[in-house]
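Quick heads-up: structures coming right below.
Heads up, the next two complexes both have chain A, just with different partners, chain B and then chain C.
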Partner chain A sequence: MKKLTNLLLIISIITVTFLSACKPKNLNNAVSGDAAAKAYVAPGKYDEYYNFVSGGFSGQMSVYGLPSGRLLRVIPVFSVDPEKGYGYSEETKPMLNTSHGIVPWDDLHHPELSQTNGEIDGRWIFGNANNTPRVARIDLKTFRTSEIIELPNSAGNHSSPFITENTEYVIAGTRFSVPGDDENGDVPISTYKKNFKGYISFISVGKEDGKMDIAFQLQCPGINFDLSHAGKGKSHGWFFFSCYNTEQANTLLEVNASQRDKDFIMAVNWKKAEEYLKAGKGRKQAVKYAHNYYNETTHTAVSEIRNEVTILDTKELKDICYFIPCPKSPHGCDVDPTGEYIVGSGKLAALIPVFSFDKIQKAIADKAYEGEYDGIPVIKYDAALYGEVKKPGLGPLHTEFDGKGNAYTSFFVSSEVVKWNIKDLKVLDRVPTFYSVGHLCIPGGDSRKPSPKYLIAYNKITKDRYLPTGPELAQSAQLYDISGDKMQLILDFPTIGEPHYAQAVAADVIKNNSVKFFKIDENANKYVSKGEGTTKVVREGNKVHIYMTAIRSHFSPDNIEGVRLGDEVYFHVTNLEQDWDVPHGFAVKGAVNAELLIMPGETQTLKWTPDRVGMFPMYCTDFCSALHQEMQGYLRVSPAGSNVPLTFSTGTNMPKEEAATK
Partner chain B sequence: MERSGLLKSSRILLVLSGVLLLFIVKVPIWQIELNAPQYPEGLALQIHADGIKGDVEIINGLNHYIGMKTLHNEDFFEFTALPYLIGVFAVIFILSAAINKKPALLFSLSSFVLFGIVAMIDFWRWEYNYGHDLNPDAAIKVPGMAYQPPLIGYKQLLNFGAYSIPDIGGWLFIAVGVIVLSITVIELRRK
Partner chain C sequence: MKKILAFCILSAFISACGGKSSTTDQPASSEETTEKTAEGNPSYDPNRGTGKFTKVDINPTLDATMAENGSKIFAVKCGSCHKLTEEKLVGPGWKGVTSRHSAEWIMNFITNTDEMLNKDPKAQAQLEICLVRMPNQNLSDDDARALYEYMRKNDGVK
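Showing the complex of A and B:
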């Protein structure tokens, strides 16, 4: 009996030991010893790469240094930013104008750097507004938003703003199909199949100035366009879009749009579309959309409403669009650096289909179609397929490339990044992410020339990765070293908003073009004061224009009297400094909008309406010098109808007795 | 019989010195470099024959804190005279090569050295005036502190380190002086 007890005891000890050994290791062990050294950038040293990260629902774009993960700047794009006066100063308000009026917020998902010959040229970065469809261009000389164009016939501008390899076009596909803007939208929602259409905008980009204009829109079947990428190299001239909801459901899409085993990748021959456009096959459509442009000489944005676009109907005009079946509601649609392989990623698929550009061309030539979908030919799956990556993980979303023949795909459901070889479709390595990864980014990873040193994963969920901060937690990015055969996690860093797609580029491509200040001699703002001698206060009816200057460490004028209740006051503040990193701020008590943050050589205007009689202090908000705290002034507000004369001065408005002794 | 003419090499060097002087009109003669913690890239004043160049506006902006007068080229008559004076010396050197007599050579050297000394005294005088003639209403007043930059070398002025050295033109000027001095010594020792 005792023997039996001993035996049982031994068995249970072995079992417990064995079972606990089976429990997966703590995932934190994924970080190995030399990770810190790889992500370390010593104080005072520059990072090797710029990383431009979408701000998601913050509406902005953030700039990080890699490999340190240090936040360098948040560029206001689609949302107001009171800190910088963006969307509040009279000069920047027009940037956020739309056909709906001023829209102070949006949802920025995808940044895309401009390219020349398929390589990142570092001139501009584009971003999309998902909610009120727009595309923005940011100038990388100033890291500021230069231009925003609204997109008619669109809703949920998601497959945007991807570009062709010489930045000929920025493309924007509508996520929601909708009735066209020139049609009656007051129809039952259940008439989706009859009345709703998908539109894809081709925005031309000025070769020198980058100015955007809608060249044409493709009218496509009423389905959801999700993501896209341009062909490159041999497939330059083509564009590829992932499509879902080919069921054309208008309600409970999570069920009703997941019925078909396969949706589509849509291949677009845009050179063909250009031919039709040239041949006058386009239809002019009356629409209404805003185009906003910020002029760096007048330091002022101008918004104009445009009234026409040209539509090419892809059902009537053959040979522009082709559908390729792709399993399980595809999301990512990525083209490898050679332009031959197109990777579609079905959100719920357990495999990754890789399509071949050559095979697609052959299938079109041979008319290897399985039928038509709403007038568009559907190429046979096998006729376009290069091969499938088997059992890569669950829920593939996005793929980036290293230019060495490998692809890296994110898996949302299984929370991992998987490296696989494009030629033989074999999985080479996999690493966990924390948690639920969305987009990936390799510097130049969607261009013809990737720089494959790092890979960054942008995660949707962080849970236990950082100190808790109440119900709302940080979003995060994770940096992997991919210079070796195996991927190695080296850093976590939190991000602003929710990061979606991102771009990265070697610092040298951008850093030497950075503007240090604006030349005051070239300032053509209507309300500029080019020196303290030209400052003035002018009354025009109930409008009071204050032409003011800021220089370390005073405003001129800093004593203003004669403003009356009922007046509208405009502070036109010019920063006279001509040196790098000397902004001045301007704030006045009771302002219901924001502050101004004025760069050297720039003029910005704050509108202010006094709401009461009294004394209103104003001051510089940007710590500019040792005497920054002295950089202040007063504005006196008298009752309506008061006869206090309009006066302004700096340094001379002394008490009578002191003035006499001076 | 004693020859009073100069060696051929001396005359060639004199002409060369005259030509070198003409270059000085086009390049900076002197520079004052300023370094401070918040100016890691440094600020520089370059003194040319016809004016001060470099970060003049930035330095003027900073100097108002200590009440120093702002720098303006039109306040210096030297910048009008200097290009002509340098031209005159170039002519003197070339002429003395043509005259081919020791007294002419001696005159060239002594007038050039005298000019150098007067120029440096003048430079020091300007530095002294700018460093000491301060606005009594200045925001920063440090008792006993003057802001005269060094004539040559390094000096700490509050948070700025000032480093004053000849620039290309200055070095050319010194080179010309050394060449003419050497010629003179050789010619005088030659019987």
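Showing the complex of A and C:
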């Protein structure tokens, strides 16, 4: 018996030893340990977070996994993408339509994930087009752009597309003030102060389908609106915008818009605006803007031009807008998870002002104003101020939050991230970035519920960080572990285009909703072929419609004759596959547009105009099976007026002698 | 006693580190599942194959409505690669398929294609002839049953 007791003792010692050996390293070890291990995700394993990063002047949005920094997908949004046929297929062309016609490029700065009760719900992500003002909604079931709405009265859609805490509205504030779209814009530029106005769009978002519509626009003084964030929790119902160029300069803004010691944060009571709208105080304005929607059943986008928008004039309609002085051309305008603190970041400032929502409310009740700016009350700085973070660094830009009472601010001029406590405004930690950091991102860092494990800094300059690639260098993201007291750099990776803002969310919120293929039975494309038996080639005057199917590994039809010079040919290709990860590609020689990349169950159309008589091969571009290289066909083009009959087939167009022996 | 000790140490090992392998909810790779039930495993019934269909009740006479439904599914999801004759196109011709395989085997194969191609001896033998893995066309159970009825019709069941 004693022997047994001893034995049990030994066993338990061994067990304890093993248990502790396999436990994760404690915090001290982890901080001083190998950073690579923290960013390592083994082959075949999923990342913990999705990271949606703006593509800046690429016009697209990229999706990375965190902590690995692996690029998972580039979602085409505002720029054409020949790799995916986006903007080239007949079905997707309307997505890029605007009041100016098809615009094939834009500049996407800010992704923003949809929220419910101030928490990321993983349904959609929005993005802004900076140049030709638009807002896009991307569906996170398909990771594709579902909808794009153009914004009238706007120019340089920069303080966008930030959302209210239940995604009631997506907001889009103009960067450039301009004369209204219904006014004569043919005026001297130097009449800025008289003729230019700033417009802020409130775009409503359908609760179920996410569909966007401009609910109203606020007409504001002619200044520049830069960034914005919604109030949350106690400040839900309010929106905050950073404003610069309150000097109203129209030339050499670098100097002329940096004259005043303070510009403004504009606080907007949008619930009040809704009341005015309901009471019919809005003015209908004749405008022209495009609304584009991609239908996942017809696999086709439709663009319509809309002609009216409702304007609320914030100079006449009191109590919607208030200005709060904010030092030195504020850029970032960030609201903490409680909704109480609003952080303004002056690009040229050496301090960070933190405003209090409660104090702003009291200042408005007490009319603690220092005057008016173009009809809008200006709250006294001290009446709105909670406090200032002293000497945090040079050139504060953007702030994210960890939900544990701390804020993280990027400093462009001094290339660093500074962690500070919101309550006592004391600096807690600082780390360098390489180099010239712009935006920051913490998963959920601008929501009510951050997930503060990582912080990513998006840098404008990489200089000596990577192997040289000629004059143009990639920009970068840097990943910091912020789970401890001190921030620790664990990874840096290059990004596409120029990364501005980014969003991140736990993978679980999104990954299980991913569509794997489109059900062929539900395909309602006008030109679908549901099965090879329905494929055909139809001539309508000089238009030739080829109803084609693709399945591993052949097209049907794959021999087409009787097309003539002068014809317009439409390849309507249906992918008959019904399994995940089996797209087929389609390319035809001499196509001046792009390829098609057709998802399982989908139909896409490539327009092709032959420019010469001859033989034109076509083939599948996306490696699909062992016999992918056999997935090909021919189209014969005859001269105009030729009497070659229109024929099409798969597998039966044999030489006469062979056909006879079969 | 030594045996018990060894066992206990082993258990300690497993309980100490066992959590690691089950922390992921990603699907297990097909190789892992193959090992468990590969050819030679006495529990494997090659006439039934692997999949959810264990026993399918078949009437001696044809269900014409079901067969008609099956012919529609064939046109969309099967006809690109299979002929109704004995002639092989991409995959084997369908003539006689209901006498070559049981209803359960066919329905398991067309609904659980990847696993069948990975482990079923008859499916693998066929793959060696055709060299193209049949795509999973995501057929519902009813679709599979309807297709089987259409195969029976094609094989002359009235």
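The working rule: the second predicted complex is superposed on the first by the 629 of 662 C-alpha atoms of A that agree within 3 Å, B and C clash if a C-alpha of one lies under 4 Å from a C-alpha of the other, contacts with A are read in each partner's own complex, and residues count from 1 in each chain.
Just so it is clear, contacts are C-beta pairs under 8 Å (C-beta built on N, C-alpha and C of every residue); 3 or more make two chains touch, one makes a residue touch a chain.
Please read these numbers as outputs of a predicted model, since none were measured by experiment.
By the touch criterion stated above, A:Arg552 is placed in contact with chain B and with chain C alike.
Contact with chain C, but none with chain B, is seen for A:Phe517 once the two complexes are overlaid on the shared chain.
By the touch criterion defined above, A:Leu627 lies against chain B and chain C together after alignment on the C-alpha atoms of chain A.
Of the two partner chains placed by superposition, A:Met654 touches none, neither chain B nor chain C.
Once the two complexes are overlaid on the shared chain, A:Thr534 sits against chain C while remaining clear of chain B. Among chain B and chain C, the chain that touches a larger number of residues in chain A is C. Once chain A of one complex is fitted onto chain A of the other, the partner contacts of A:Gln578 extend to both chain B and chain C. 551-553, 577-579, 625-627 are the residues of chain A that lie in the contact sets of both chain B and chain C, per the superposition on chain A. Put simply, chain C touches chain A in their complex at residues 1, 4-5, 8-9, 12-13, 15-17, 20, 24, 26, 29, 75-77, 79-81, 89-90, 131-133, 135-139. Every residue of chain A that touches chain C in the complex is listed here, in rising order: 3, 7, 10-11, 14-15, 18-19, 21-22, 44-46, 517, 519-521, 530-534, 549, 551-554, 556, 576-579, 582, 625-627, 651. Every residue of chain B that touches chain A in the complex is listed here, in rising order: 55, 57-58, 61, 65, 139-140.
The residues of chain A lying in touch with chain B in their complex are 551-553, 577-579, 625-627, 630.
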